[in-house]
Structures are given as structure tokens and as C-alpha cells.
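Note that the chains take the letters A, B, C and D in the order they are written out, and that residue 1 is the start of every chain.
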Amino acid sequence: MSNQQSQQSPFQQRLYDIIFGYQSKAGKRFDLLLVIAIIASVSVVILDSVSEFEQLYHTWFIAMEVVFTLFFTLEYIARLYCSPQPKEYAKSFYGVVDLLAILPTYLALLYPAAQVMLLFRLLRILRILRVLKLVRYMSEANVLLRALMLARRKILVFLFCICLMTTIYGALMYAIEGPANGFTSIPKSIYWAIVTITTVGYGDISPATPLGQALAALVMVTGFAIITVPTGIVGAELVNEMRREQSEHRCLHCERAGHDHDADYCKHCGASLLEES
Amino acid sequence: MSNQQSQQSPFQQRLYDIIFGYQSKAGKRFDLLLVIAIIASVSVVILDSVSEFEQLYHTWFIAMEVVFTLFFTLEYIARLYCSPQPKEYAKSFYGVVDLLAILPTYLALLYPAAQVMLLFRLLRILRILRVLKLVRYMSEANVLLRALMLARRKILVFLFCICLMTTIYGALMYAIEGPANGFTSIPKSIYWAIVTITTVGYGDISPATPLGQALAALVMVTGFAIITVPTGIVGAELVNEMRREQSEHRCLHCERAGHDHDADYCKHCGASLLEES
Amino acid sequence: MSNQQSQQSPFQQRLYDIIFGYQSKAGKRFDLLLVIAIIASVSVVILDSVSEFEQLYHTWFIAMEVVFTLFFTLEYIARLYCSPQPKEYAKSFYGVVDLLAILPTYLALLYPAAQVMLLFRLLRILRILRVLKLVRYMSEANVLLRALMLARRKILVFLFCICLMTTIYGALMYAIEGPANGFTSIPKSIYWAIVTITTVGYGDISPATPLGQALAALVMVTGFAIITVPTGIVGAELVNEMRREQSEHRCLHCERAGHDHDADYCKHCGASLLEES
Amino acid sequence: MSNQQSQQSPFQQRLYDIIFGYQSKAGKRFDLLLVIAIIASVSVVILDSVSEFEQLYHTWFIAMEVVFTLFFTLEYIARLYCSPQPKEYAKSFYGVVDLLAILPTYLALLYPAAQVMLLFRLLRILRILRVLKLVRYMSEANVLLRALMLARRKILVFLFCICLMTTIYGALMYAIEGPANGFTSIPKSIYWAIVTITTVGYGDISPATPLGQALAALVMVTGFAIITVPTGIVGAELVNEMRREQSEHRCLHCERAGHDHDADYCKHCGASLLEES
């Protein structure tokens, strides 16, 4: 935020702090307003897809959509205006998402045939990720993310094994059950294997021959056994990560660490821990 | 319990200890009787909903219902009588639940048309929560609750991610599969996404197009991967909580427990823990 | 085993060690033979229930059944003969199971109408539990059982909450969906709630109204969240239990504990750990 | 690799290092090329099973298949040529898999009737396991494998209990529900019990009688409770294994790692660990 170029007017800088920043009071309020507008706007798109609501309230939905689009358009112009590098912003991931959030409505107004484009308005929900950056400041989410990052290589090895297994199981079931029992192709059989190994089990395709059912039972027990692996991985990383977080809670007086979240006094020397944070 | 106003007669105080208290022998017996009456009364409502039983034993069910309602009415009057602040009790959550447990039967007797109100009798099961307060004294439930409380912020972050993901996946499936394959609206598609990501998988709605099945496979593997996160969170908190519970380290000064094995000073009040053990 | 009464002949004592004991070489062989006979006998009952096999091999199945029944009859007589307290044995749980394993075949031979009794032969599988006693000597199973025993009160509290939740959810769905959508009675709705909360999700009953689907989504996310609790409980107990097991691995030389399963030398003093066990 | 017999020419040794080795740069490149060829070749087989693709691109698929088969044939000949013990290689597991990867295509060319043999080409995916040996050098996969190996006896005890339970539950459901409700034989009922206890829940067979549904609810809650056991086992082993892995404590004498943080002596050879750090 201190990288803003000096040619910006004080008004631009103030606007920048409100719209892009999230540490000032006004910035927090703007973020909250934005989240409410995004959720309301996405809710309108979602409710408009229900034919009952669409028949009754379609005019209201259009009116609200116009209001949201105007608000997001103003916001987009304000972002371009106050950004120190407007071109960079317009090309960035969030810039493109911000533009995609308003374009479909204008296109649908100009070309009424482009109704299908209206679904792109749902991309607005991606804008909520911008506010998720805030989450980075919550130590809770931090612990989760770090545990997932530390476990990512183990999870990749695990996902690779799942791919290998579902391919072999899927091909075997295609050979055993065949198109007559719904296993019409190997990709569809792999889809069945994934549905089964993740214990989802729709039942849209299910084995009908005794041999197929025996193999399916094997797939299920395998899935049951391997569901333990990623759980164990993330759980173990979390135990480590939480221990580490504890060890970063350091007493200013005796400089020893390892205090609990809710500790007010150092457990080693009895000094208060409150002034430190 | 020591807050009872002094204008109460000894009989009222004795009754209060039996009905509201749960530490005296009579109080424990009354709680047990209450739990049995609640379970029996709820069982009658449940069995009465089965048409076979209803045709055979409807008269018996009505007779038992009258007995339970009289018992709960007497109990409600006794609670009002012995409570030091009857109005406060009547307005409290449990007071309203206690009233709702008896009202439906009287209303159905007065207006035979109000049959549908009889289902409200099931709210009686909420009365069992009153006895669950006892559970607070069981250290086992304590550990569970504290682990859940400590993990609550992590679980909220996690549930927020689930909401975001199911919305995006649901909208994508609505666009890919469309009403022809059962995905008649975005809310219904979000319902499908929740059914899939939680690995429930009814199969009432399931993808029929290859692209939809490929996306569904992705949703399932995602669900499989993220099921690990809350498990890891609660598991890790439980490991910590049980380690702390085992230590039974209680501060002599502020009488709060939950200190680490190597703690020398109370983390809540800073008093020394060393002279106690 | 040392409680055998002295009036037993040496042959009886030898037979007792083979049939009831499981530490001598002959005893281990007899246990293995028994397990094979039980599994083979149960397999015959299972395969006989498949109409295809039953039509082809019914005569063979009857012949094998006669052999197994004779073997189990001889074994039962031998157990009665060599047991120091035959009456106590005949009345014990295993004695009754051993009798039930042979009775159905004789009854079916005497009264050909008592075909349905043949299913009782499957109770033979309970006899395998007798050999499971061996498992108590495997430290692996010990750790599992102790972790489950330590966690039993937490699991009971947890199961109680599940019961409460499924009753409330089931009654709500009965009120919302009603008999028209398959929720014909409250017990059936509770069955649906259990199918959903455990993420089994048959799809034989599934919500059809939007409100019902919204409630179902809530039930699923709840189920997803609470599945973490028992996993966390048992996992945390296992971590503790395995740490305790480690701490019982004590060096004879320096008397300090905490060695790994596969440790050959003391990590504190370097003395060999092998002579101790 | 140092066991190669000296009668090999330098070219053979160079080829051996490329084809069988995976530590030289050329060996790594060859492994990568092999993995790509295997995945592409398997993809062709999979896509050829989809009737839509098969009708459009069948000629292309045949052309690509010829190329892959020629490549794998050349590779097989090269392996035979450069291997120090060609006969041993041809008889080994990987040698047979390598031969099975090319045989089906030649047989299908010679005898057009042997179309069904073409599915054996999918065995090529097993060849990817050869490259998985590389994984052994990734410490991440190492931790997973060691945790699974350490937990294998606990998992076997657990799987044995699952088998016992599904047999008893399956037979009970066969007796309660019977062939009229889809439980046509005991093996099919055991299949149902496995589908239910692993929480897959296809719904192809589901209980229809109240008693059957009550038993099914019991099976599900049991399954819900025991799903915790393997998760806890692997999770607990992973916590231990990762703690040990982190320590990176390697003995200077026997060069084996996996020591505890507080270890002073190697647990494998008893040598002191103190001078190394």
C-alpha cells in the first residue's frame, strides 16, 4: 500500500484506502457492503433460475439486477480511477473478474438473444475471494492453510494412487459387467469407481453380476481403508502446526514459549502475556 | 441455587431442590422420572404416526397421552409454584418449552380440528436438553465440548469454504446438465452439490452427460480431500484437550484447570502452581 | 487352566489342553482346524442360499453338512468329557453356542418341515469368537481395544446426541415432506435421518420439496461436521495409548522407558533391549 | 547396479543405466518418456471404449496403437539386450508385465477374432508401478508407506472384524428381508452389508420392512462408529512417524534414521548419537 505513486491526488489515495485497503474503518465497511452486494446479487441470479420465482418476481429481479450492475459499474470505475496503475489492475485476475461481473448484464440488454451469458454473472461469487484475503489475517485460517500446504505433496502422492486404482478398477468392471449393466465405456466405469471409492454411491450405475459385486465390495473396503490416509495426513500436520503456533506464543519477560491460546500469564515466570500482542 | 429469595417457604425450597436441582438424591430421581416420561411420551407420538399402530392402539395412545399431559401439567404448575421468580421462569427458554409440551394436547381437546398441532408435542424432546445440563458435570462431555468450542472458528472458516464451493459447483452443474437431467434450478443443483460433497449420494439427481460426470468426479475427490480438514481440526484439538485434562492441574488461587504439564504459574491469574501438588 | 480338578485322568487333562487351551502346539493346531471347519461350514450354508448353487450342488452341500455336523458333535462330546465342570460348560455362553451349532441339522433331519431352523447354523460363526480370545494376546488388538474402552463414555455421549438429533430431524421431515414423498411415519423418517447423517444415502427415501431439501442439506452438513467427533476421540485415545505402550518399553540397564517398537538398543544408555522381553 | 556382470559391453552398460536406472539424467528422461507413452497408450484404449469416439476416430486409434506397440516392442528388446541376466528379467514380474503390454496387439493382428484380448493392453498401466519405485526416494511417500506398514497388523485385525460383522449382519438381513425385498441370497446380503457399513449406500438393495430398516440403522451407526478406528490408527502412526522424520537424526555408525528427539544412542546398533550433531 505504501507503493502508491506520488502523482495520486489525496482524494485518490483516500478512495484507494477505502476500496482496495481493508485495515481502515471505512475500508472494512466498504468490504462488508461489497460482500452484502455480491451475496444479494448472486442470490437474485440463483432465485431467478427457479421457474416458480421467475414467473412471479421476474420484473423485481430485473430491477434489482439493474441496481447491482450500476453499483458494481461505479465500483469498477472507482477502482480504475484510484488505482495507481489502472492498466495493471484491469489486466489482473481480480480486474478481469470485476469486469466479468458487470459485462453480461450490459450485453443482455444490448442483445436480448444473449440470455445464456447471464449465467456468467455467477462469476461475481469469485469476487468474494478478494475479501477472503482478509482471512489471511485470521490466525485460524492460517493454521488450516499451512497444514494443507505442508501436506500438499503427501496429498498429491495419495491422489496419484487414487487415479491409478480407479483406472484399474474401472477397466476391470467394464470387462466384468459390460455395457449391458450400465458400464457402457471405460471412462464411465472409472466414474463409477470414483463414485464408489469416495463412498458417495449414487446408485445410478451399480454392479449386477455376482463377480462384479464381489469386486465392488473389494473397491469399497479399499476406499474405506484409504479414506484414513488423507485424514491422518492433515490431522498429523494440524497437530504439528498447532504445537508450532503455541511455541510462537513467547513471554516477553522470560522469553520462553509454548503458551496456550487462552493463556493470560506466562506459565514459567507468571508475568502477564497481554501487553505483548 | 443459593440465589433463592428468602420469602420462599421451606416446602417451596424443598420442591425447588427436587425439581430444578440435580445434586440431591431426590433431584436425581425426579430427573430420571422426567427423562422416562419424556421418552415414553415422545415414543407414543412417534408410534401414533405409524398407521398400523394408530389403527390398532389409537385409544390406548390417547389414554397414555392424557396421563403424560396431566403429569407435565402438574410439573409445570409445581415449577411455577416453587420458582423464586415465576415470571422469569415462564418467559425463559425452558419455561416456553415446558408450556409448549402441554398446550397442544389441550388445544386438540378443545378444537378437534387442530390435529396438526399435535406434532408440536414432539417439542417435548427439547425438554431432555434440560437434563443434559447434567452432562456438563461429566468430564467426558466437557472435553468434547471444549474441543468443539476451541475448534469453532476453524470449523466456521471451513463451512464458509464449503458454501462457496457448493455454490460454484452447483451453478456449473446447472449450466452443464440443465433441467433435462434433473438439475431444474440452481438451488436444486446446490442441493446436489451438498449431497455429493458430503458423500451422502442419494442418487435422486445424478449427472448424465460425460462432462457432468467428469465434474462430479472432481467434486467427489474434492469432498474426499476436504473431509480430512474438520476431522483433523477436531482430532488435533482433542489431542491437546485430553493431554490438558489428564494433567488435572488446578490453580489454588482462581480454581481454574487446564494447565500444561510443565506449567509453573496459572495461565489465568498468574499465581504459582508449585505449592499445590 | 490350573484350576482343573484333580479327579481328571491324564488323558482328560491332555484333551483339555488341546481343546480348551491355546498355548501348546497341539492346542494351536486344534484351534486352526476348528477355524477352518467353522469357515468351511459357514461357507456351505452361505453358498446353499444361492439358488444357482443350491440347484447344482445341493446333494454335495448336504454331504458336507453331515461331515461338519459329525465333527462338531464329536468336538462337543469331547468338550463335555474333558471339561472339569461339564455342567458349567454346557450352561456357559460358548457351551450354548456350541450346542446351537449342531442342533439345527439334527432337528432338520428329524422334522423335514423345520427347514427354517437351518439358518441357525450360521450361529456357528459366533464360535470363531472363541478363537478371538487369542487376539487378546496380540498387543496390536490390545491397543485398539483399550483405546475403544477408554473412549467408550465419550462415544456414548456422542451416540446420545446422534439419537436426539435424528429424532428431531426425522420428525421435522415427517411434518415437512409427509407420506406423499415417502416419509410415511416418524420411525421411517428417523430411519431416513440416520441414513443421511451417517452419509450412507440409499436414496430409497429422499426429500422432494424445496424446504425438505434445504433441511436435508442442513442434516448432511451437520453429519459431515459431527463425523469428525468420534474420529477425533478414537484417534486421540490411540495417540495416547501408543505413547503409553512406548513408555512401557523399559530398559533393564538404565530403567528409562519410551522406546520405539523396533528399537534394539536403549536410546539413553545404549544397552541392548533384546534380552528383556 | 554394481552387480552387473563384467561380460557386458560399455554400450550395454550405458543402455542399462538409461533403461533400468533412474538416477542419471538420461535415465530420468527415459522414465518420463515411458510414463508419457504408457499414459497416452492407456488413454487410447480408454477412449476407444467410448462408442462415440470409436466410430469417429477408430482409424487414428489403430494408427497410434501401432506406434505405441512398436515403441514398447523396441523397449522390450532393448531391456532383454542390455539386462545382465535376460532370462531372469523375462521371468520377473515386470518382465511378464512388459511382455503382456505388447502381446495383445500382435495377437489381435494375427487373429482378428481375439478382439477381447485387446483389453489386456490395459495391463500396461501396471508398468507405471515400475516408475513408482522412484517414489521410494521421495521422503513424503516414505512416511506414508512406513505409517501404513507400522499400522498393517492393526488394519488386518480391523478388517477381520469387518468381515465377521458383515457376515452376521448379511445373514440376519437375509432372514429378515428375504428374496422378496432384493436380499436374494446370503452373499448378496453380505454385499449389501458391505455397501452399507462403508457408507457407500448405492440403494440398489435397501431394506423395506420396519425390522430390516431398524437393523440397517444399527449397521449404519456401527459403521459410523468403526470408521473412526482405521482413521485413528493411521493418523496416530502418522503423527509418530512425522515426528521421527522431522528429527532427521541419522546414526553415523549404521546410517539408519528414525530416532526420537531425545535419543542419545542409536536404537538399531547402540552407537552414540551425540558426536554427530
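Just so we're on the same page, a residue touches a chain if its C-beta (ideal position, glycine included) is under 8 Å from a C-beta of that chain, and two chains touch if they have at least 3 such contacts.
For each chain, UniProt lists the protein as follows: A, B, C, D = Ion transporter.
What you see is a predicted model, and the numbers here were worked out from it, not measured in a lab.
Asker: For the pairs A-B and B-C, output the one whose chains share more C-beta pairs in contact.
Answerer: A-B
Asker: So chain C (Ion transporter) and chain D (Ion transporter): same face meeting same face, with over half the numbers shared, or different?
Answerer: At the contact between chain C (Ion transporter) and chain D (Ion transporter), which are copies of one sequence, the residues are largely different (under half shared).
Asker: Can you spot which option in A-C, C-D or B-D is basically A-D again, with over half of the contact pairs the same by residue number?
Answerer: Having compared contact pairs by residue number, the answer is C-D.
Asker: For chain B (Ion transporter) versus chain D (Ion transporter), what separation do you get between their C-alpha means, in angstrom?
Answerer: That pair's centroid distance is 43 Å.
Asker: Counting only Cα atoms for the centres, state how far chain A (Ion transporter) is from chain B (Ion transporter) in Å.
Answerer: Roughly 29 Å, centre to centre.
Asker: If you average the Cα atoms of chain B (Ion transporter) and of chain C (Ion transporter) to get two centres, how far apart are those centres in Å?
Answerer: Chain centres of chain B (Ion transporter) and chain C (Ion transporter), defined by C-alpha means, are spaced 31 Å apart.
Asker: In chain B (Ion transporter), which residues are in touch with two or more of the other chains?
Answerer: Residues 187, 190, 199-203, 227, 231, 233, 235-237, 239.
Asker: Which residues of chain A (Ion transporter) touch chain D (Ion transporter) in the complex?
Answerer: The contact residues of chain A (Ion transporter) facing chain D (Ion transporter) are 153-154, 157-158, 164, 167-168, 171, 174-175, 184-187, 190, 196, 199-203, 206, 210, 213-214, 216-217, 220-221, 223-225, 227-229, 231-233, 235-237, 239-240.
Asker: Using the touch definition from the top, list the residues of chain B (Ion transporter) that touch chain C (Ion transporter) in their complex.
Answerer: Touching chain C (Ion transporter) from chain B (Ion transporter) are residues 42, 45-47, 49-51, 119, 122, 125-126, 128, 135, 138, 140-141, 143-144, 147-148, 155, 159, 162, 187-188, 190-191, 194-195, 198-204, 227, 230-231, 233-239, 242-243, 246.
Asker: Which of the residues in chain A (Ion transporter) come into contact with chain C (Ion transporter) in the complex?
Answerer: Per the touch definition, chain A (Ion transporter) meets chain C (Ion transporter) at residues 199-203, 231, 235.
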